[in-house]
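I've put the structures underneath this note.
Each of the next two complexes has chain A plus one more chain, namely chain B in the first and chain C in the second.
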Partner chain A sequence: MGGSGGLRWYVTRRLLFALLLVLLVSSAAMMLTRLAPGDLTAELALRATPEEIARTRARFGLDRGIASQWTAWAVHAVRLDFGDSFLYNRPVGELVARGALNSAALALAALLLATMVGIPLGILTGTRQTGVMANAVRAASLLCLSVPPLLTSLLFVWVAARTGWFPVGGMSSANASDLDWSAWMADVAWHLPLPALALALPIAATLERLQAQSMHEAVGQPFVVAALARGLSRRQLVLRHAWRASLRPVCGLYGLVIGALLSGSFAVEYVTSWPGLGRLTFDALRARDIYLVAGCATAGALFLAVGSFVSDLLLALADPRVREMEAA
Partner chain B sequence: MIRAGRALLVLVALLALAAPVLAPNPPDVAFRDLSFAPPSRIHLTDPAGRMTRPHTYPLRLVSRLERRYEEDRSRPQPIRWFHRGRVATVTYEDAPLLLLGADGQGRDLFARLLYGARTSLALSMAATIGALIIGVAVGAIAGYAGGWADEALSRLADFILVLPAIYVVLALRAVMPLVLPDRTVFLLMTGIFAVVGWPFVARGVRAIVVSEKTREYAEAAQALGAGHVRVLWRHLLPASRGFLAVQATLLLPAFILAEATMSYIGLGFSERTPSWGTMLVDAANVATLGDVPWALAPAGAIFVVVLGVNLAVQGRPQILRTSSRSGL
Partner chain C sequence: MRRASIVAIVLAIGVLVGVVVTWRTPSSPASSASRGGQLVASIRSEPRSFNRLVARDQTVELLALLTQSRLVRVNRSTFETEPALAESWEVSPDGRVYTVHLRPGVTWSDGTPFTSADVLFTLDAVFAPGSGVVIASALTIEGAPITASAPDAQTVVFTYPAAFGPGIRLLDNLWILPRHKLEPALRAGAFAQAWNSKTPLSEIVGTGPFVVRDYQPGQRVVLERNPRYWRTSQEGSPLPYLDRIVLEIVPDQNAEILRLISGHVDLTQSELRPEDYLPVKRAADQGRLRLVDLGVGPDPDGFWFCLKPDAWRGDPRFAFVQRPEFRRAISHAVNRERFAETVFLGAAVPVWGPITPGNRPWFSPNVPRYPYDVARAQAMLSELGLEDRNGNGVREDSNGVEARFTIITVRGNSAMERGAGALRDELARVGIALDVAPLEFGAMIERLLTSRYEGIYYRPLASDLDPAINMDMWLSSGSAHFWHLGQKSPASEWERRIDGLMREQAATLDAARRRELFDEVQRIFAENLPVIYFVAPRFYYAHSTRVTGGSPSVLRPPLLWDADALSVTGPPSGTE
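Let's look at the complex of A and B:
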């Protein structure tokens, strides 16, 4: 099998994997919440009558067996009805969509920032082994690898509070609802840089390290030497030949970065009060808000699935050997 | 570079071990009037400018609102060396020697940092050992047995590796009772971290066992009548020693950070127990105010450990070590 057929089979397999991932994660989250000691009526127990508690339990499917509750949930979920949240008394779909959107904005900003900083610097340090610039970048990169988002965001919050240059937390100002569309965007754009930077730093450093390493390997390849012998300029050599050859491991990294991005964004969202999926998941888990937990898990798994799918696709496009190999 | 990293880690471990001797004060004594007091200044001259023994002055709260303290110059407190089993301290009633200032309850931040290192390091070491044991066992079985056992175990490991670790930890912890005694929390977190961490170990051990078991020396051992367990334990697993050392070094800071995150969000140790995570809660409270920079000390401690590890493994982060997944 070769050519586009190979790619099609590859894409199908990856899609199936993504689907399985979402199914497994959301179901596991639901099971865990059901098996946890105490349910969402724990808080009610003090002030509600037994009838009210029974009604609430019935409303959230807690009076049924796990299997039948899961089936009912799955049937509705396929039609994008994820049930209601006990905590917020609103449809889960609505809450999760908003949280996911906020998280995605943060994650995308961080990813963009990390790519724009990490890749060019990696090309630089990969082609130049010595020199002040390359050494400075290497040192900075080592430093950035050592500051997890939890610490960076704490530090940034402190700096923001100290200097007043940036808001201390949140995604928009208190008067955000009065603002018109463009002013609201500007407001969010003012809140975004610090959390995004906190999230981006270690990823930028990781990208820089990997790009440098794979660039260094690519530069030593015979075809690059051949291109040099043909009289190509250094610039053309690096950008057209060596960089393209070095792209495969970097594309592969993006699939793994999604996980790091989600993990990191949990800490960042928590510290900077960014209203994303992280905080929502935490609150839902604590309150045993079963449908909200399942909804958050579904959204998180979708993120992972889409991320690794896009990364795999990039990988296959960047390197034909991948799709040949997977098809075989 | 590798040596500097190792030296840094050894230093932190020694500081933690020597905590009872090095800390000028017990970690749990709260000096009520010294909430967020600044670090003690050590004076070498008396007010008249003459050289004296090193001494400090008691701090007096001038303004509770501004958290401003003043030194009481009339009562110098000479530093006592090797007094009551401590390297350096002052005989305090109300004037302790605070090398890093005090936390919100007026406890010695430096002492808590040292004792916190014990908690954080002990937990992450226990979890690392747990992850290594599970990882080696699973990896060895999968690699040695092959077939369906290999397939099933490898899929399981891959599945856990795909998930963002902190969410798995969060979910597993949050479905347990939310308030637990510290001893239980320690065991629980050790278990959870080991469950999240083993796939990193198992994947590498499996690959090593698979490639080693067809080598002549392994076949020779089998031909001589060695049983499976003996072949694995005496002949195959020693080949993974170097890999395990690196994995342990990489898992350690990840677990320290996980503890910090969990304690920070209130699902880890209780506030009384000093750990780097519980101390971060205080740091976060004052970070939003932009003052009391010394409260960020636990963040600095975590940074030092992560930096030490990154130096020791030469700046190759975990994520790069697991990125060779398609085997290309």
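Let's look at the complex of A and C:
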């Protein structure tokens, strides 16, 4: 197979892999939640009657064996019915969709920010190994990499609380229900910077480090030296030749980053009260809300697969050798 | 701002011979408060339902307090029972029949008149098979449900299966729901799913001070004043004062406190943690917050061994664990002042039983006490045959079995983890070794319910201040008799005595006699120490200085339990 047939097979293979990933991750999440000590009736304990606890267990299939519960869940899940959430008393699909949308808004903002900061700085430090600027950027990157987003978001929320420059949390203001569409959008945009920055900083630092290393290797390649000998300006050399050649590992990272970001960040969403998928997953895990855990895991795996697919596409676009290899 | 409820008991002569008539007026706030405005409060979790009868968590309870009413309510500040939708009631001499006269002119928030049919419907729903109602056990007496009939639209006659000490107070659990909205769901067997978070908000009507206007999952619930609310101020002006309450969903307690301190929310739904006291005090000193001492909390932290013999399966340590003398020695070994300092940063008082001074109506100071005395604790342990025979600092029995136990507590709860650690340090001084294993909440509860643990440090919450409504904990057969679950008959003589005394006090109408019986229960409990209590935390609460009115309560929610008495001044919180 070659040409478009090869690409088709490649896409089919990736889709099958994505499907398998989603199936495995969601099933594992459900089973592990089921196997972990305690279940969703724990919080009712000592306050509810045994009958009430039994009724709740039956409603969520906990009175059945694991295999039987999983089969019933899987049969419904293929019809996109992921069951009901114990915590929210409403369908899981709807909750996950809403959480995913909110996480996506945050992820997009964080990714844009990280890309706009990380890539140019990586090019800078990759092409200039010495100098105050390059050293300062490297030090800042190391700092951002070593501070977990949990701490960063706590710090940002604290600063916001002290200064009043930004909202201390949430996705919109308390009076959001009175706002019209455009004012609501502006209000959400006002709440976005802190969680987006907390998420973006370590990603920007990772991108910077990876881009710098890759760039450093690329500028030493023979074809870059040859291009220099042809009399290309340094700017043309870096942006047109070396950068494109250095993008392969960076694009590979994007797949993971996109998947992870879309799945939501437990820590950032929890601390900043952002109603996304990460917070939903955290709440679900804490309450042993079995179908919600499985639903969130399904969405997370799906995003990871999508992210990986997108990164492959980016890679193919950025590097002609990849296209040729896939076609062959 | 508020006046305590006026209680008058009138003996009717003639028509009501032999019948006690009770007429009370609800406590009403003065109307000097400013009217209008928005209050922003935080909640930690989503509303699982808007129907309090089918869900029991704190957020659902709060929404019920804000949007619904009961026939009577327990004033959480004075602990007195006050009329609400019931304007007055009469009780038969045998204490089994309550004739309740409904407040005239009350309507649901959609304008439909409230009548006795709504009360009968609610009671039907409570006991309907498969309705999913979680409060049915709270409305049964000795296993039998209370029943009701309605001679007319304004009167409901409740019949109790037996005389019940708390009397009309039992109806504090009965949130009255609208028949015209929920009867179809009950008939269709979908009562548990009705009024869930997908229900159109216009369908959710109530007789409470507010109505739900907007719900954004993961973000907030917005409530607006119910213009048809029945309660008025002392001067007769309509309540509530507030136009709107916004409940912001903030799951993280650190973020919640930060929002309170920075003025983004006006109040929270729980008392302060010890570690939050200082930053809140600073904000209070700057005039941004009002710090309130709520008094001693009604539920102390406790430590107990699993006293179910089967759980130890021949483990020789059970031989001394089951001896009250062993547990008394532990109680003597703990310096409660030091414990309060370490765990609650000083904000706690020593206690000797499960009823703390915070439960004013039922606290008995006359229970056996075990003052801090290491020498005495050591002597008691030696009398039990426990000595440090190998000099490793831990006592052993004559067979060399160490007095070493693993105790579990809730991971992530800083006060619990500190408490378990402090207990370990205290008991190490008398040669008892504790290995502390904090577990995730669900895992700990699972161990508790299956009796797969040696010891637990935890704070079980009582379902009500009145012991007769908390029988599940006191009775040996109760589902919350947590130190020894699943008893078919009392496992010990003292538990048999407590069973008898509790049944008698629950069936006694005379308040003084009930008190006397429960004092004896507390004495027996403290003598046998199935659970060892050390200190009860003192609760502090903080709210924005723009909030005025209301009566802070040691019970949750500290302020919003009486939301119609609250008012706000100054610019709104929570808007950027």
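Following the convention adopted for this analysis, the second predicted complex is superposed on the first by the 285 of 328 C-alpha atoms of A that agree within 3 Å, B and C clash if a C-alpha of one lies under 4 Å from a C-alpha of the other, contacts with A are read in each partner's own complex, and residues count from 1 in each chain.
As a convention for this text, a contact is a pair of C-beta atoms (placed from the backbone, for glycine too) under 8 Å apart; a residue touches a chain by one contact, two chains touch by 3 or more.
What you are looking at is a predicted structure, and each value in this text was computed from that prediction instead of being measured.
On the superposed chain A, the two partners chain B and chain C do not both fit; they clash. In the superposition on chain A, A:66 makes contact with neither chain B nor chain C.
Contacts of A:52 after superposition: chain C is touched, whereas chain B is not reached. Of the two partner chains, chain C is the only one touched by A:42; chain B is not.
By the touch criterion stated above, A:253 is placed in contact with chain B alone, chain C being left untouched.
Of the two partner chains placed by superposition, chain B and chain C are both touched by A:169.
With both structures placed on the common chain, the touch criterion links A:158 to chain B and to chain C. In the overlay built on the shared chain, the residue A:29 is in contact with chain B alone; chain C does not reach it.
In the superposition on chain A, contact of A:87 is made with chain C only, not with chain B.
Of the two partner chains, chain B is the only one touched by A:263; chain C is not. Of 183-191, 435-443 or 525-533, the chain C stretch that intrudes into chain B once chain A is superposed is 435-443 (criterion: clashing C-alpha atoms). Taken together, the two structures place residues 36-38, 154, 157-158, 160-162, 168-169, 270-271, 286 of chain A in contact with chain B in one case and with chain C in the other. Residues of chain C that touch chain A in their complex: 38, 40, 45-46, 48-49, 55-57, 132, 134, 136-137, 193, 196-198, 213-214, 216-220, 222, 246, 248-252, 254-255, 258-259, 261-262, 264, 439-449, 460-461, 463, 472-473, 479-480, 482, 572-576. Contact residues on chain A toward chain C in their complex (touch as defined above): 36-40, 42-50, 52, 55, 86-90, 94-95, 98-99, 102, 154, 157-158, 160-162, 164, 166-177, 187, 190-191, 270-273, 275-276, 279-280, 283, 286-288.
On chain B, the positions that touch chain A within their shared complex are 159, 162-167, 170-172, 174-178, 257, 260-261, 264-265, 280, 283-284, 286-291, 293, 296, 299, 302-303, 306-307, 310-311, 315-317, 319-320, 322-323, 325-326, 328.
Of all residues in chain A, only 21, 24-25, 29, 32-33, 35-38, 138, 141-143, 145-148, 150-151, 154-155, 157-163, 168-169, 202, 205-206, 209-210, 213, 248-249, 252-253, 256-257, 259-260, 262-263, 266-267, 270-271, 281-282, 285-286, 297, 300, 304, 308, 315, 319, 321-322, 325-326 touch chain B in the complex they form.
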